[in-house]
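The two complexes that follow have chain A in common; it is paired with chain B in the first and with chain C in the second.
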Partner chain A sequence: MSDAIRHRLTPLEKSERRLGFAMLAPAFLLLAAVVLYPIAELIRNSFHFNHLAQPWMGTPFVGFENYVKALGDDRFHEAVWHTLLYILVTVPGAVVIGLGLALLANQPFRVKWPVRLGLLLPWALPLVFAGLIFRWFFEYNQGIANAMLRGLGFEPLNWLTSPGLAFFAICLAIIWKSSSFVALVLLAGLQTIPKSFYEAAEVDGATKWQQFREITLPMLRPAIFVALIFRTITAIQTFDIPYAMTNGGPGNSTETLAMYIHKTTIDFLDLGYGSALAVLMFLVSAVITSLYLRHTRRDPGRH
Partner chain B sequence: MAGIEIAKVVKAYGSVPVIHGIDLSVRDGEFVVLVGPSGCGKSTLLRMIAGLESVTDGTIRIGDRVVNDLPPRDRDIAMVFQDYALYPHRTVAENVGFGLRMRGVDAATIARKVNEAAEILQITHLLDRKPGQLSGGQRQRVAMGRAIVRDPKVFLFDEPLSNLDAQLRAEMRVEIKKLHQRFGTTIIYVTHDQVEAMTLADRIAILKAGHVEQFATPDEVYRQPRSTFVARFIGSPSMNIVPARISPDAATIALAGGAALAAPASFARARGRDVLLGLRAEHLGLAGPEGVPARTVIVEPLGSDTLALMQIGGVEMTGRFPPSAPLRAGGEVTLGLDLEKAHLFDPETGLAIA
Partner chain C sequence: MTSRFTRRMATRLGLAAGLALAGAAYAQAQTTLRIFTGGQQRPDVMRQIVDGYMKANPNVKVEVEVGGATSEQQQQYLNTVLASKDSALDLILIDVIRPAQWAAAQWAEPLDAYLGAEKDAIMARYLPAYRAANIVNGKVIALPYFADAQFLYYRKDLLEKHGLQPPKTWDELKDAARKIMTAEGNANLRGFETAGAPIEGTVCTYLVPLWGSGEEMLKDGKLNLATAAAKKPFELWADLKAANVTPPNLAEIPTDRIRQNMQAGNLIFGMTWGYVWNRLQNDADSTVKGKIGVVPLPGFTADKQATCIGGWQVAVSAFSKNKAEAAKLARYLSSPEVAKQQAILASHLPVFPGVYTDAEVLKANPWFEQALPVVQSARARPVTPRYTEVSEIMRTNMNAFLAGTKTADQALGDMTNRLGAIFR
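This part shows the complex of A and B:
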């Protein structure tokens, strides 16, 4: 009997529920049109042959053929490897630099806005812009990097045309660009730590370094995790900066997964294979993200 | 253990002075309470003693050392903060032992001292918990444990009980007093609550707008307030302070709005003057026909006694009466005012007329 009462909606509740659905509908339809439909189309494509340069072949269903092709594709393997390297270098790099910037910005400056602006600017800059700026920095003849080397009496370097140096230069640009986002996340975290924690530690005899290790780092853990997750997800998709700086060159030594997918579909017009690669990239992101999330759930600092 | 000498201490933020030359001399082992309304500078003064705020001018001595330029960690003090400042990611034992660990004390000694402190404060069963799992009163005990474990020369308390409910506050007040009796360490304690000040202190410093209004024992600030500010601040209900005029022959005192009363001999010190008459609630009483007529405005029964707001001529005064007193709002009564116990203040300066 109580069930019957619970399940019977009054006319007022029914009309409220209808209104609720009606208000959700536009957002849901938009989402379906621009996110769900393309993803479904991507997955469908990945199981078909679809090459725009070979329209006479039609778009037959080929099962897992595109995925099997990826397994044996050396260029794909290299792109995955490069992406992994970017993640390994730029994610910790951005977090360390970002933490430093956040600590700096959290100091009691008399005038705060130049500090905040300096933090926000790299973040607000479009990625391609950042890529172009660093391309000019490392340009052989007029770049500031080689100008400094010459000034110090060294030979200029082929920054963007030798594989190791190009990777280094791109990592530098990515870290510069992304550490400001990390700094903003960590700065928000820093500001939630009560001032009295530091004062109590000061009275208790802790040095600044001890205060950092005993209070700042443990209290910042959740914020650092958030920064790591976000940074890793964007690092998996690394595209704009290497695209603007080297376009994957020299050879394809700095090419990332996202760039290879872009080339496969846009330059080589192979939609079927490109779709399969995109699905694989999505799976990699999902796996890495879920690993992080499992780790945060185990976080012993919270209960 | 050490006394504290505060001499001509000034604190200014930029060009805004907040403490105007305070002198305070705290004896070794004394329990001194700094009390005053918000913004009077009591917390700032405490933080200057702790070393968390710089001293603009003057000197602060702990023991025989001038500590003006010493960082907090070298002052041999312990401080209990209003929000307790317990580290949420550390257990109670780690919080209590924090200061010792930072100073490189070996683990065995830390464990022993933490256990001793925990026993004194009855928190032994909580040592493995995190602060988030504790009640307000338990956190308060942990914060005190963190202070006593270091065995400092001076304890500083910054409004330690203001986050607790009334009952716990009374309980912890007793606890703090016990601690002081046990260790005999000098304590400086900041509060805005005059009850805490009266019950805990050996001496109370009442601060107003950056200077010390009166520094004396609880008994003295209650019985001989130096000014209307102290008179109003200390005691509950607040002292009644009403304008009055003493006749030139000092025979009578006329309250504003009419009622004239026979003046005691001591009022001769203010003959012929306009004064502020201060009278505590307990010095009003129901009297025979020789008293002043008054009208009861509001009755507040408290159980142990009853407070009532009385209209006497043109002024209102609160009186404290036995619970059996026949009072009802709007009723007419005859009051006796114990003017022997009354205080006279200068209406211009607010200072007591001695």
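This part shows the complex of A and C:
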């Protein structure tokens, strides 16, 4: 097929084609330098021993040794498990809260900017700041959470030093931080729904709840999917907020995969093993993303 | 047209060349050195010291860069700078636990050549522990800046009020703390704190009681944690926790929080480092000026006291472009004059035995009189190029135990397994 096409190209078309490739080349080269080369280097590293604290060992090729080590590494298993828990809690959490925020922001307020600003601010705040702010909230002595508990006559809780509570506190911070992004995506989706649908429903005597279930939700499906995909991909990479709030503690009980990779590579200087872990994370995120994409493709009638 | 263009080009080139030449001449006259220090190692005092150096050496400009508050945060940043062979830093203040790693990674310029024939004489002046820590495989990796060890800080006023002597054993400490806490009836007053957060200082929270029960973590380079003594640290901290002497959030407490709590008047006993004295005595917001005493740490028995050695060293970066000038500054920073200056301005313990008995130093820090034997008997954390991993294993397990998420057996078991893979 492609041979046939190439055969039929006129000289002019051929030169147009060359020009096209030439014009794409700079972008491709840039992309290659900042994306493809690092990924190739990462994969190459993952098959080598490369530990900067032991330079006398050199960087010998070790085959799948780093991967085998990861499969038997309890801490890697725990980090994967924690990351999955964060995904399972914070992705639906952010979508539900984000939907509420989007519906609120879509109300016909006379002055729109305070609502929009309120939506944008958490999103614009750097992640690590959000983490620090929530750490202060949940600190044992000075934190506002324990101040409220004391005020109500309860015993203060060890929010950041007991695993269950720390997980809860971190999830809360992540949902607060990420639901505004979801809300922005959904708000854009809401605004594409024609008003006439609701007017027609109103005429037919549909309640607000029926309008929401029969018009808003189905019309919003594509936007919800986009939000879900983006939120899931960032959830797989969860790093900043638990890093700032607990640094993975108590023990390693809130450590995510991205944090373990950071620790292995930057703190321990074990570039070989860290690269193998990063490749594994890349695979996990590729699998989850492709599952989503397949699901969206299976759902053609909704556009 | 062309000629005007070339002429303009020529003028521009001439200007650029002139600027470059002027720049080169300027660079010759003026060397800029950049020194990295941690936020907790009193950068303000470092600035005063280098100001003096710049006055005496007008051709040198020294910039002080301040990094993370805790040792491992600093190292995290330095790992990225040095692994990429960045020449931005000329001198770096490093923790006493790091020279072995820095030597292995070839990040520190060995200073032997810069010390020349005087090398042995210079190194002989330091306290033996610091001489040993900074010479790795016969090469001088860094020069000691100040010494440190953990001491027991206590509220002199409260102990006197309740007729108590500074404790010599952990049991005495527990009883004294409980007595004072009950009698004072102040809900904010805590008995005892040591580092419990997953930070470098928490390694000592494990090691001090281990040493105190007469055992070593390593024997002939092999892990030695299958002993009864290996459990002692867990038992000690569990005991103090059960007696409500340590606060419920001990697992949240980093080194400097102990100082803050003491400074606010909320802590009776603190196991912490030398710098704290100066802050408690001189900070504007200190509520405990003149109410603090410092003694050696307690032991399980009064005759077996142990402490962790600390302290900071000046290393010259292997990637510096001004190594000779940097080495000169390093020698200055590691001199008895600077040690005295630091002792007075920051209660930093000197690395020279003679400075401890200096009259002005003793006036600022009366407790230095008893400090010298403590520093001399203080012990070193394990020396290995993979120290960052060793430290991380010890502090996270200790932290998990203090938080109550791991039992002593689990924490010790996990520690032994993971450390065993390093000390094979």
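Quick note on the criterion: the second predicted complex is superposed on the first by the 274 of 303 C-alpha atoms of A that agree within 3 Å, B and C clash if a C-alpha of one lies under 4 Å from a C-alpha of the other, contacts with A are read in each partner's own complex, and residues count from 1 in each chain.
What we mean here is this: a contact is a pair of C-beta atoms (placed from the backbone, for glycine too) under 8 Å apart; a residue touches a chain by one contact, two chains touch by 3 or more.
Given the structure is predicted, the values throughout are model-derived calculations rather than measurements.
A.B. asks: In the superposition on chain A, see if there is space for chain B and chain C together, and answer fit or clash.
C.D. replies: fit
A.B. asks: Who does A:106 touch here: chain B (first), chain C (second), both, or neither?
C.D. replies: neither
A.B. asks: Which partner does A:53 reach: the first (chain B), the second (chain C), both, or neither?
C.D. replies: second
A.B. asks: Which of the two, chain B or chain C, is in touch with more residues of chain A?
C.D. replies: For chain A, the partner with the higher number of touched residues is C.
A.B. asks: Let me test your reading of the model: by the given contact rule, A:205 touches which partner, first (chain B), second (chain C), both or neither?
C.D. replies: Once the two structures are laid over each other on A, A:205 reaches chain B alone.
A.B. asks: Touching A:194, do we find chain B (first), chain C (second), both, or neither?
C.D. replies: After superposing on A, A:194 lies in contact with chain B but is clear of chain C.
A.B. asks: In the superposed model, how near does chain B get to chain C, counting Cα atoms only, in Å?
C.D. replies: 51
A.B. asks: Under the stated contact criterion, what part of chain A meets chain B in this complex?
C.D. replies: Residue positions touching the partner: 194, 196-197, 199-207, 210, 214-215, 218-219, 221, 301, 303.
A.B. asks: Using the touch definition up top, name the residues of chain B that touch chain A in the complex.
C.D. replies: Spelled out, the residues of chain B in touch with chain A are 50-52, 71-73, 77-79, 81-83, 85, 87-89, 98-99, 102-103, 130, 132-133, 146, 150.
A.B. asks: Which of the residues in chain A end up touching chain C in this complex?
C.D. replies: 52-56, 139-141, 156, 158, 160-163, 247-253, 263, 266-270
A.B. asks: Hey, which residues of chain C end up touching chain A in the complex?
C.D. replies: It is residues 72, 75-76, 79-80, 83, 101, 104-106, 197-198, 247-249, 251-252, 385-386, 388-389, 392, 396-397, 399-400, 402-406, 411 of chain C that touch chain A.
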